[in-house]
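Per-chain residue numbering starts at 1, and chain names A, B, C and D are given in the order in which the chains are listed.
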Amino acid sequence: MAIETKRIREDFPILKREVHGKPLVYLDNAATTQKPQVLIDALVEYYSSYNANIHRGIHALAEEATGKYEATRQTVADFIGAPDASNIVFTRNTTESINLVAHAWGRKFLTAGDEIVLSTMEHHSNLVPWQTLAKEKGVVLRFIDIDDDGQFVQDDIERHIGPKTKLVAVTHMSNVLGTINPVREIAERAHQHGALVLLDGAQSVPHLPVNVQELDCDFLAFSAHKMLGPTGVGVLYAKRELFEEMDPFLGGGEMIRRVQLEESTWNDVPWKFEAGTPNIGDVCAFSAAIDYLSGLGMENVRAHEIEMVQEGVRRLANVPGITIYGPESAERRGGVISFNLDNVHPHDLGTVLDHHGVAIRAGHHCAQPLMGRLDVVATARASFYVYNEKEEFDALIEGIEAAARLFRAPVHTGA
Amino acid sequence: MPQSIPEPEFDELYRELILDHYRNPRHSEPLSDADVVAEGYNPLCGDEVELRLNFENGSVSDLSFGGRGCSISRASGSMMTDLVIGKPIEDVRRLSEQFNKMMTDPDNEVPEELGDLEALQGVAKFPVRVKCATLAWHTLEDGFKQRDEGGLPPGGVVRHEE
Amino acid sequence: MAIETKRIREDFPILKREVHGKPLVYLDNAATTQKPQVLIDALVEYYSSYNANIHRGIHALAEEATGKYEATRQTVADFIGAPDASNIVFTRNTTESINLVAHAWGRKFLTAGDEIVLSTMEHHSNLVPWQTLAKEKGVVLRFIDIDDDGQFVQDDIERHIGPKTKLVAVTHMSNVLGTINPVREIAERAHQHGALVLLDGAQSVPHLPVNVQELDCDFLAFSAHKMLGPTGVGVLYAKRELFEEMDPFLGGGEMIRRVQLEESTWNDVPWKFEAGTPNIGDVCAFSAAIDYLSGLGMENVRAHEIEMVQEGVRRLANVPGITIYGPESAERRGGVISFNLDNVHPHDLGTVLDHHGVAIRAGHHCAQPLMGRLDVVATARASFYVYNEKEEFDALIEGIEAAARLFRAPVHTGA
Amino acid sequence: MPQSIPEPEFDELYRELILDHYRNPRHSEPLSDADVVAEGYNPLCGDEVELRLNFENGSVSDLSFGGRGCSISRASGSMMTDLVIGKPIEDVRRLSEQFNKMMTDPDNEVPEELGDLEALQGVAKFPVRVKCATLAWHTLEDGFKQRDEGGLPPGGVVRHEE
């Protein structure tokens, strides 16, 4: 069953919008995706009919809201193949999920000389929390480098993951190169050395079928807003025994069992990690986004993006002066194409494209070390999702060509 | 040549003069023995600027501008060299202030002494691009501070970060 | 200009709802408030027309979303009389705001022997983070006790706030007793001793006019969901120089300036404290809630609640066997009435009221130490907001009387 | 007497038998010299339970139930005393299991041996109240464990927290 973009586009009200008098061509999906009407309706329903604070409430609204909130936990668990709803903690975003692990697990269990293995393609969110931890605890960070195809250097995997490794924290899919990393093998190697594996799934969970038990990862972090869901909801999956032994992260209401003036005991997993009133409305609505994706089928989402990348690379490669980053093979990358155009800064390209109605991202994509590694100051990035169609490349290419004409002038003309 | 672009602001952003400075930057050959070298960096877009400055009798006697950046940041730096070379430092400081004001308040009238830089006025309407335009100027101010403090610090150059 | 509840009720779609066949009487506002149509519309508008990831984006949607997000920061600053938008950091809720201070300020600046002054009426959210900090740093916690009228014991204020005090962290208004605390005098005394003042404004900001410069507090924490706003948005106000000197809390995207593999530098205040993609949709919508409250006028909101409390206390006091907690004077308390009914456990009362369509809260209200202090296992709590009207007390009293009949039976009847 | 309440589930929750046990709790006089004292606490609602147990020949020879709690938690405890006194521990353990099953699965058929406790079946439909009903039983299991481990620990009592 292929993705029928024509039909899907009808479900996304924002796609009817114009930008600078042109139809919106939204190719900034790696930053955040647009939302289907069912998601918007779910939010409206929550706030119009059963909004209440959850847990501890004995009235009907509180029971309904609690029921829906906890049902969403189960929906999320099922979506990523987690054994149980208690493996799922709701956070604000991927970034908070990773910080939670750095605080609640890292600060408790790591000591000076322990090693954490990252990679040079990490998003700042999977880098800065470990830098802070490293500074505080004397933990050593090691980095798997990438080769010219944008893949992990196999030697580095073997060289860096060893007996001192306590954690391997890598992205499942790069938000710049699109590279889909061999995380199953990495988990195997890490576990051989008794290390845990955290996957940054911000880009993979929205775009690929992901099963935590098959991948055998210990932690998985991702964001609802990158998979048709609302902003303000992140997920942290962890194996149950890890959640049990971790300290709480934030303290306050909901996460406690018993509070006395001088000390407190903690609630059960997963509530131990959800302090204060959660983002109830958005969590409840999130289930509509997951149901929508499940309805399409993640295998089909993936197949659609492979097609989009193949076509996108083909079209872009025809433009003179274009450099495309990341793996050659569309099978080894997700729906992301980073590129540069000779003599045109990505920011200028972005501005010109915007005036053609085309939304792309330009900059370092929160991956400054990778920019250094690629020896560029920035890249332009087009990224796709279920509602994008090949026809949209026309506007993209047109805009790029306009930018080329505008900026790439013969030397010594003009004033 | 650029196709006709329908929207007025877009035209205002990429004025012909800006494109010209971008394509043919002035004073882009690095001064070989500068009194002061100042580097600027905008981590948000990765823009890099290198200014090399010579001074004589309280004036900017020579100035080169280099680096990697977008059209706005490069045009701004290039125009700056044209405007600044030969001027007393105190005059340049006033120009810098006026330029910053132009960037933060799009409705402000542009003083004549800014010359070609007036072409950058449209940038003020594109908030995400303002830092591109001001990077060269902020780096210049850093260069002045360096001179006041007696030339190059032990590390060699002073870096300005937006 | 008085609050016209009849007109206001029209703005809240959920109030048209029935519960167990009875019209909903929503008296659980201290837990979370209901939402006006303008708030719901603002969410729909965000997701239907300008949803995008903010900052760094150069396309039109990103500029619109960034503009609205940052404009809301200004709206919040104005609402609490903060000098500048940069005094406002968006978090998930009050709980996270307080934890942020405990981590980013407390862990950096406090050392063994330093003292933090709290009170026995604190919500767990303003207690547990300090317990954790105290344990970690050897900081001493001291507690201002309450008198029989539910007010701070004046002697305790003087006894506990002294030269060793580094922080006084107290609630502006109690979520159980309704007590409005003399926070201006407390701030004066704290500042005389060089201590900072954090106010838990979760209950005060929604219900009273609050001006941070008049109160001269150093930190103020509150939640959007308790003031007509969406779940998932909290606010931390701090004086600028404090934000400057504090360490970041979470690490990741948005909060950095420059990232290299081994270390990073931080973004400016307030973004330094907002790591990862924020809850953009809800923050943008939150401004509609604040505009709605500003339109009513916080003086009028306050006046309405004084009337509601007076009437509520009067009606409840007529029920035999009722005990009411908190200050005698309605002027000294917010729109919250905690009470107990002889021989009827609050949970049973809550269940019976629910079947009369009346939503109240029953339990410890995340204030277990206060329950101990009052020598009760729990209380029932009715709390009011702008859409509540005196007529609703009829259903409340009817339900209470039904519960009294059901549970308070003559001894030795029955089987 | 209770007014007629329209909704069926509500009726199911507050059955006459439950109200009777709530109003007139059985075996509520604390045993003066108990072999084992077990306390239970549900921090969510503040319910407290105190069980005092005597054993003879592997049976619960006597049991008192006290504490502060809602109608469900008190009725559950009171009914428990009636059911449990005089029964061999292993039988009680089976009853306890059956009771827990009744609370987690509302559609399960209730075994006859639970007797009056069947009246609590409706609680299973009120998820927030389930812990009220199970508190006494979980505390009883703690009491058994205590007995197996040889009576009172140094601190005096064992606390169970839901």
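Methods note: contacts are C-beta pairs under 8 Å (C-beta built on N, C-alpha and C of every residue); 3 or more make two chains touch, one makes a residue touch a chain.
Worth saying up front: this structure is predicted, and the values here are computed from it rather than measured.
Two chain pairs, B-C and A-B, are weighed by contacting C-beta pairs, with A-B ahead. Summarising the inter-chain layout, the chain whose CA centre lies farthest from the centre of chain A is D. One finds 48 Å separating the Cα centroids of chain B and chain C.
Computed centre separation for the pair chain B/chain D is 79 angstrom, with centres defined by C-alpha atoms.
For the pair chain A and chain B, the distance between mean C-alpha positions equals 37 Å. As a whole-number value, the distance joining the C-alpha centres of chain A and chain C reads 32 Å. For chain B, the set of residues touching two or more other chains reads 43-44, 129. Under the contact definition stated at the top, the residues of chain C that touch 2 or more other chains are 20, 56-58, 256, 258-259, 347, 351, 362-363, 368. Listed in rising order, the residues of chain A touching chain D in the complex are 55-58, 63, 66-67, 256-259, 265. Considering their complex, residues 13-14, 17, 19-20, 24, 26, 28, 31-32, 34-35, 39-40, 43-44, 47-53, 56-62, 92-96, 98-99, 102, 120, 123-129, 131-132, 135, 141, 143, 223, 225, 230-234, 248, 250-256, 258-264, 275-282, 347, 350-351, 353-354, 358-363, 366, 368-369, 372 of chain C touch chain A. Against chain C, the residues of chain D that register as touching in their complex are 1-3, 5-7, 10, 13-14, 16-17, 19-20, 22-24, 43-48, 68-72, 126, 129, 132.
For chain C in complex with chain D, the touching residues are 20-21, 345-348, 351, 355, 362-364, 368, 371, 376-378, 402, 405-407, 409, 411-415. Those residues of chain B that touch chain C in the complex are listed here as 41, 43-44, 127-129, 161.
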